[in-house]
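Pasting the structures in now, so scroll down.
Shared between the two complexes below is subunit A, which has subunit B as its partner in the first and subunit C in the second.
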Partner chain A sequence: MTAAGTAAPDRAAAPDAGVDRAPLARRRRNRMLVQVACLAITAFMAAPMYLITLAAFSTRESLNAFPKSFAPADVSTETLRSFLGATGVVPSFLNSLVVGLLTLVLSVAIGTPAGYALARHVFAGRDAYQLFLLFTRALPIVVLSVPLARFFITAGLSDTVLAVALLHTALALPTTVLITASIFTAVPRDLEEAALVFGCTRASAFRQVVAPLALPGIAAASLFTFVLSWNEVLGAAVLTLTNRTLPAQVLGSLQWSPLPYRFAGGFALLVPALIFIFVMRRYLLNMWGTTLR
Partner chain B sequence: MTVPVVTSQISARQPLSRRSLLRSGLTAGVAGALAPLVSACGGFGTSGGGSGKLVFLSTQFNPIEEGQRFREILTKAGVDTQYVPMDTGPFAARLNAELQAGKPTVNVIGGLYGQLAPFAPGRLEDLSDVAARLSGRGYDREVLDLAKFGTDRTYFIPWMQATFILAASKKALEHLPSGADVNKLTYDQLLAWAKAARSANGKPVFGLPAGPKGLLHRFLEGYLYPSFTGGQITTFRSDDAVRMWEYLRELWSVTVRASTNFEFMQEPLASGQVQIAWDHVARLTEAPTNTPDGFVMVPAPSGPKGRGYMPVVAGLAIPKGAPRQDEAKKLIEALSRPDIQVDVLRKNAFFPAVKASIPADLPPGIRLEAGAVTAQQGASDALLSLAPVGMGARDGELDTVFKNAFTRIVLDGEDIRRTLDRQAKELQRLLDEAKAPCWRPDAAVAGQQCKVA
Partner chain C sequence: MAEVEISQLHKTYPGGGRPATRDVSLTVADGEFMVLLGPSGCGKTTLLRMIAGLELPDRGSVRIGGRDVTYRAPRERNLSMVFQSYAVFPHKKVADNIGFGLAMRKADRAVIQDKIAWAAGLLQLEDYLDRYPSQLSGGQRQRVAVARAIVMEPDVLLMDEPLSNLDALLRLQFRAELKKLLTDLGTTCVYVTHDQVEALSLGERVAVMKDGEIVQCGPPMEVYDSPASEFIGGFIGSPPMNFLDATLRRDGGEAVIEVAGQRSAAPGSWAAFAEGPVRIGVRAETITAHRAERSGALRAVTEVAEPLGSTTLVTAVLGEQRIKVQVPPDFPVGAGDDLWLDLRADRLSCYERDTGRVLVSDR
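This part shows the complex of A and B:
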């Protein structure tokens, strides 16, 4: 008490008498640098989004102005409305949604058991198998597009949403399997064994103990899948003719469109992805948390 | 979609745990995915038509607005059709897959000559009967010859055409060199004009579409090479060609630096960043939309060997073995009607392939273009030059040779003679592989392969 009492005026009188303040200052400086870095990264990500949004809600005249202004001059929903009103934009949005959710369900249904097996069972060639899984992504879809489309046409599935969902499932499976495997590795085996000791069967132990613990990670993996499906263009473009997904319908044409349309289209593609990320961001961190451990 | 489900469950059971939130989210997701599946496994139609309509797959009118306008025009054709525009890559992949599977679902295809050529003649239906019925429409002889691919049958029906011209803001006209007629420019006058405009503005205002998707290679193949050397392939490394590249270097020194980003010149023209530009007509139309009196459009300049210009031809064809060919032919004939072709010009800036009287009430950009296009074709020194013919799959690579020469000589400043010699070898290799005879403006000798002199 007295020591503290005497120390306080002392410190006020001679701030660095006998105390090494360098670590504190360094820590403060580092913390500030981290903050600055965070701000810089946020600005790096947010600036294009801001500019796209600004342009999507501008009139054509203000878009043609040179040099362009950074503040909203005149707000107009005209381009956005005519973009959304164009043939096929709304149906293709729905198609994208259906394909994304179907892909999500299929890849979780197929990928999770595979991930569980990889995490829990040691078998010959497991590491090679994990590596081999990634090879499916090594082939660019451009090379595969003709045989793939040919296969789906022969199978009578061409030009359906189901065909696109199957393709996206195949594309997403490697990542789903590897992510869920690392999530199941993070769930302690002891807990599962304890459940077995207390009378669970393998299935009910999985359902009641392992699955709840792994669920946030699985949700994050499925978010990954959904975004992959939402963004995939070429496969969807080749497999469908009249039932296209949003990227297949507009992404190919946006690069040839006048500027106002590019911004309106960019905005329409950006918003759903942003909403999805906002809803799921907590679980995203969760996924990285477990896989990095 | 998931939000209302989540909130209702929150109010029903508290507390809000991560698990309950996720569980309800997943349930909603599964339900959402399954519900539309039960009702429609195929998906939602995105080309404005149900089943039973013809499918018209095309590489043209990809931009949303253009596609929309063309769909309106299609309703006048009297054949129920869904229009599916696609990028070149997916177009070729899709068509290849359908033809290989032996089950074409596409009824009619439309594309530029170079995009149809890889499928001709073996994988396209013979349309000679349609061509015979349409013979009175006044097609260009040259274009009809293209559709034969060296045989005596016709494999596509010319659909529409376009070309490349110069556009300039009226502000730039005051810097024209004295004695120059803007409608009969020479390349030397263009250079003097660009120089004068630069000194008046303090920065360059001449622009070229040298961006990744710009059409600068057509400027080389169809404009500079023919105008300066009288040829396109045979004269690739001639002394005239060296002079041409020296000219282009000088022109580039008074060209807007951002040109390597430009793909459509209408945008920098409309914003005023560029005041004089060369580009494809369909990529210039929008420039005068807001200021109809602010622009002029004129024929491309002429050089020592003439006024080189390049027409762009699009055609309509039927894939081999496609279903419902009678209806498809009916659609092709309807699209060849002069009134429909004029509609395409009015709405989408592609010029008719048939003889049609051009109406006076066109939108400002197209009216300006129509004048320039007619003047360019009708010029006494006009020198027609074609985009690569008969190169098949090598088509794009030939363009790359020209683009690479530009990058090396003009942007990187490499030695002209040495670069041309090196690129000429590449060019010859492509010609050897395709075994293609020369095309205009080079003298074509049937059966004799084209050689770089």
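This part shows the complex of A and C:
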């Protein structure tokens, strides 16, 4: 966005004669390369989003037309309306939302204390525990979901939103624990001790001092969890039949659905995740800015 | 306000081989300003944290105001603490930082406001009450930490190297302010530092620590003038105390010391010590130097003279040994000049050659 194109200032023969400008040029060139790389990656990410959005707002005719134009030709909400009108879409959308939030709440409620313990206490098997957490991610969801489906059937939870949320919580927990652990490590211990000295119990010290300082990081972790749950499709598809989440619903009807439906589905999946990220943006920036100290 | 009684406090950190404190006992009287002084890693912070309740001892006891608090939570001890890193809460404004402890006690809002105003006035923080700590300079943050500690009206105030993060000038200024403030408040105070100047200037008593033990505890001038061991003499004072290999002899009932083949008078009380090799401790500023020969003075050769402004520090060679002598700034001396050094007998200390422990006579 910046710098890359600024022209070199007019150099009068003067104070900096004899200064070696090669490092400066190198530095400028490197900075430009970084900018270019950033742009390329952004384009790589944004292009599919743009195309999906474009397709979702096109009429059937222009979708089938060839060659396609990259500028919006005839904006219409017809495709989206028909998608939203299709059976099961609105309920599955709500299901996805519920699953995502439930996953978020559960994984933060369970993962944060674990992360805190990892950050603040030295206990036997701490390193092994950390490694073990990562191992759980090594199991593919497909492998997990079949026995889980059986288990949920016996537990009477099969085909419920709760079952999917539990699966997603299990999937998200390792990252939640490890991320929150690093966040708590970044909150200086002194601050917590100061709170203890000035009249807090351990619990109120956490509430008064640690939690506010860790909040941006925890928000980022929960954002990650939500998006993970929102996008997870395999497990959700295996565990549910009628109570599908949106990705599972779209995936399930992919084969027999028309092209516009697919694009509209893609768009519907995209938007909530983007909105969520947008809302959490402040906390993310805080985290990587300078909230602590 | 209350007295602090530590007895036989012993602590080994899990995984740490050596104990961080070894059976330390210390009594700080009500209203006294006690300084814990020692080199890095000697266990000062550990001791302070055990008083605060942030660390639990393996054995021993801590009593505050006659009440046993050894295993009580920090908040049950009615003490407050100034942390080395200040530990002001970055997410709270200065006013809320100062009032934090009172708010936790659920004090009346009006009372809290009064106290904040009082402490802010005392520490010149009125203009900053609405700021966040990140918008303050190091010295201002320091003052916030002190203000937060004093509004609690604690029985005991603990301070862990509170001045160590300040630059030299600010430290000097703040040291004087702190001393005045704490004298006015009259709170019992335990102050940790590894800076001997700070210890001497602030403390009513100084406890010198080494390897987890208190090796000497007394008023600053006593610790300075008669260090209990060579370690203390070498640690306290700038320049450190001179230590000379010498031989103690008795000459017709009078004690004399013999350094590099020359004799000098010793305190009369030393006649009680056994004759033989000892170490003599002498402060640079207690030695009087002369350019002309004098009886009873030791002859030495100037090696280097360093003018320090208010005095000149001369390093001289006495036989094989180096000795630092403080002379007036206008004293005419240069490298290679002969000097006659008058050791004032009453300001000498005598140490065992092999243990470095002070020899005392029961005068």
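The rule we apply is simple: the second predicted complex is superposed on the first by the 262 of 293 C-alpha atoms of A that agree within 3 Å, B and C clash if a C-alpha of one lies under 4 Å from a C-alpha of the other, contacts with A are read in each partner's own complex, and residues count from 1 in each chain.
Everything that follows uses one rule, which is that a residue touches a chain if its C-beta (ideal position, glycine included) is under 8 Å from a C-beta of that chain, and two chains touch if they have at least 3 such contacts.
In this text, all values refer to a predicted model and were calculated from it rather than measured experimentally.
*Asks:* Could you tell me whether subunit B and subunit C fit or clash when both sit on subunit A in the superposition?
*Replies:* Fit - subunit B and subunit C, as placed by superposing on subunit A, sit side by side.
*Asks:* Touch test for A:188: subunit B only (first), subunit C only (second), both, or neither?
*Replies:* Touch partner of A:188: subunit C, not subunit B.
*Asks:* Please name the chain, subunit B or subunit C, that touches the greater number of residues in subunit A.
*Replies:* Of subunit B and subunit C, the partner in contact with more residues of subunit A is B.
*Asks:* Which of the two partners, first being subunit B and second being subunit C, lies in contact with A:209: first, second, both, or neither?
*Replies:* The second partner, subunit C, only.
*Asks:* Which partner does A:22 reach: the first (subunit B), the second (subunit C), both, or neither?
*Replies:* Touch status of A:22: no partner.
*Asks:* Where does A:259 make contact in the superposed view: on subunit B (first), on subunit C (second), on both, or on neither?
*Replies:* In the superposition, A:259 contacts subunit B only.
*Asks:* Going by the contact rule set out at the top, does A:244 touch subunit B (first), subunit C (second), both, or neither?
*Replies:* The first partner, subunit B, only.
*Asks:* Looking at A:95 after the superposition, I want to know if it touches subunit B, subunit C, both of them or none. Which is it: first, second, both, neither?
*Replies:* first
*Asks:* So, does A:197 touch the first partner subunit B, the second partner subunit C, both, or neither?
*Replies:* In the superposition, A:197 contacts subunit C only.
*Asks:* Please indicate which partner A:128 is in contact with in the superposed arrangement: first for subunit B, second for subunit C, both, or neither.
*Replies:* neither
*Asks:* Which partner chains sit in contact with A:83 here, subunit B, subunit C, both or neither? Use first/second/both/neither.
*Replies:* first
*Asks:* Could you state the shortest Cα distance, in Å, between subunit B and subunit C after the structures are superposed?
*Replies:* Closest C-alpha pair between subunit B and subunit C: 9 Å.
*Asks:* Mind sorting out which residues of subunit A both subunit B and subunit C touch, each in its own complex?
*Replies:* Dual-contact residues (subunit A): 212.
*Asks:* Write out the stretch or stretches of subunit A touching subunit B in their complex.
*Replies:* 60-61, 64-66, 82-83, 86-89, 91-92, 94-95, 97-98, 101-102, 104-105, 142, 145-150, 153-154, 158-162, 212, 215-216, 219, 234, 237-238, 240-244, 249-250, 252-259, 261, 265, 279, 282-283
*Asks:* Which subunit A residues qualify as touching subunit C in the complex?
*Replies:* Per the stated touch rule, the residues are 122, 188, 190-191, 193-201, 204, 208-209, 212-213, 290-293.
*Asks:* Using the touch rule from the top, collect the residues of subunit C that touch subunit A in their complex.
*Replies:* 14, 52-54, 73-75, 79-81, 83-85, 87-91, 100-101, 104-105, 134, 148, 152
*Asks:* Which residues of subunit B touch subunit A once you look at their complex with the stated criterion?
*Replies:* So the residues of subunit B touching subunit A come out as 1-2, 18-19, 22-23, 25-26, 29-30, 32-33, 36-37, 41-49, 55, 57, 62-65, 67-68, 71, 82, 84-87, 89-90, 93-94, 96-98, 100-101, 103, 105-106, 213, 264, 266-268, 270-273, 286, 290.
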